[in-house]
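In what follows, subunit A forms one complex with subunit B and a second complex with subunit C.
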Partner chain A sequence: PAEDPPPLSPRRNVAKPAKLRESITPGTVLILLSGRFRGKRVVFLKQLESGLLLVTGPYKINGVPLRRINQAFVIATSTKVDVSGADVKKFNDAYFARPKTKATKSADGFFAAESQKQELSADRIADQKAVDAKILDAVKKVEFMKPYLNSRFSLSKGQQPHAMVF
Partner chain B sequence: RLVEAGRVCLVNFGPLVGKLVVIVNVVDGKRVLVDGPSTVNGVPRQIMPLARLSLTIIKIDIEPGSRLPTLMKAYKAADVQKQWAESSWAKGIAKKAAKTKLSDFDRFKVMVARKTRARVVNTHMKKMLKK
Partner chain C sequence: MNFGKFIEIGRIITVNYGPSRGKIAVIVDIIDKNRCLIDGPSGRQMINLKRVTPSKFKFSINRKSSTNKIHQLFLENKIEKKWFNSRWGKKVLRVKKKENFSDFENFKFMIGKKYKSNIFRCHI
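Up next, the complex of A and B:
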């Protein structure tokens, strides 16, 4: 064509954070489907600004700490735990962001000494305990809830996820 | 169990699956005239192939071709609903239906209950075997 193509307009579509499923409300027990804690049943606390879900084991029950999870890798069960006592206002994406380490550009940088193991700060441990304390109280009130959260989910023969009620 | 007027059957195929119906008359070797009765479970009087019906042991006393009032009288006299509910067939259906509705937490509780029961049974069994 004789004319130059018009300059591309600036990108105006920004991906919005994922809409929270109606079945997921604070206190819902979720089944994690992927990642280190796959199969674990955890308690949902709130959705963060990025769209990720903030969950906790509670840590004392199944070893899952305060963690961010993507909604897509989760099954929401119909079981709810009372988390109204837990204060989760201070947690946001910045809290969980990894500290940026300067990339070493030396030749053996790739095979360099092990990536610095992140030490667990006392703050994190304190936050975990504070949030979990209230949730544990609520869990203790429901019979079988503690061993339930401690167990892992798995499919046995004949079970069809699409036909199951969660 | 004979295909006859008054035989109560369970529909096992088609849009009326799971409903109890009464055979009112026989059309030919493959089809029967069937009624809910319509005031009991909303199944209107219609012709249904026998292949869609599973016969039960319940039978009510009617003449072939009885109309709704007579049918209802006999239906109530035999108390079909009660007979059906007490049958192990109906109980099995109810059990299956309840099982599909279990939530994840319910399934966990069932698993714990089964293990507890198994433990009690097995410890007792071992004691008996020792003797």
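Up next, the complex of A and C:
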């Protein structure tokens, strides 16, 4: 070639954390759309630095612990719970990071029959209880909020999600 | 058989189909057997009588009345208030309210239905 191709410029765009939807504020009841807890209605606490949403069931009501959720897999309802009493400052992405397991390179390791069951640390349980205590107080004040959070969302025939009011 | 709700000038009708669906309008003029001229929130338009249901309300207007005049008479006769106080009008409001229920309100409605049917069952 007569001219050398121009050198590739270094990638300068860094992916920013997802912008939080206006409909999602602390205390909003969200409907989870995918994952283990799909259909469950949970309470939104805050957005973490990575852009993921921190939610809690509360655990006593519907079995959803403090968990990270992607905003894309969530429907925000217009219902709000008062979460001002709950202290969520200590929770960040590092808190939820999975502990790194040593990669086994042998053939046996690949077809590992046993997987180590992760023990739930007492800290996690204590944190869950601390956060949920204030939220449960607020939930008790609203009639039917507890059975509402306990119920699962599902679509029946004729319902069109794009036309529904949440 | 006694008919009471006639298609006549000044009759209040509900529009059942089209962009003005669910709204009420006044019959201003009758074009032919199938069509009439109405005046309402979406302005003055020709509409097929198949898309329309007459109500029991009417007020006297002249055939050549302008939109402004009709609107003034509409307010004077308090048609909107009468309409939303009637059984039909109340039903329209109720249906609209149910359509706009939030997810939580729908849940409470479901609980209410179960409660009500339970009471009926206990009484049979």
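Throughout what follows, the second predicted complex is superposed on the first by the 165 of 166 C-alpha atoms of A that agree within 3 Å, B and C clash if a C-alpha of one lies under 4 Å from a C-alpha of the other, contacts with A are read in each partner's own complex, and residues count from 1 in each chain.
Keep in mind that, in the parts below, a residue touches a chain if its C-beta (ideal position, glycine included) is under 8 Å from a C-beta of that chain, and two chains touch if they have at least 3 such contacts.
In this text, all values refer to a predicted model and were calculated from it rather than measured experimentally.
Visitor: Quick one: subunit B and subunit C on subunit A, clash or fit?
Guide: They clash: once the shared chain is superposed, the two partners overlap in space.
Visitor: If we overlay the two complexes on their shared chain A, which of subunit B and subunit C does A:F96 touch? Say first, second, both or neither.
Guide: neither
Visitor: Taking the superposition as given, does A:I31 touch the first partner, subunit B, the second, subunit C, both, or neither?
Guide: In the superposition, A:I31 contacts both subunit B and subunit C.
Visitor: For A:F153, is the partner it touches subunit B (first), subunit C (second), both, or none of the two (neither)?
Guide: Both partners, subunit B and subunit C.
Visitor: Should A:F73 be classified as contacting the first partner (subunit B), the second (subunit C), both, or neither?
Guide: neither
Visitor: Can you pull the subunit A residues that subunit B and subunit C both touch?
Guide: Touching subunit B in the first complex and subunit C in the second, residues 29, 31, 41, 77-79, 144-145, 147-148, 151, 153, 165-166 of subunit A appear in both lists.
Visitor: Within the complex, which stretch of subunit B touches subunit A?
Guide: 100-105, 108-109, 112
Visitor: Under the stated contact criterion, what part of subunit A meets subunit C in this complex?
Guide: These residues of subunit A touch subunit C: 29, 31, 41, 77-79, 144-145, 147-148, 151, 153, 165-166.
Visitor: Could you please specify the touching residues of subunit A with respect to subunit B in the complex?
Guide: 29, 31, 41, 77-79, 144-145, 147-148, 151, 153, 163-166
Visitor: Where on subunit C is subunit A touching in the complex?
Guide: 99-104, 107-108, 111
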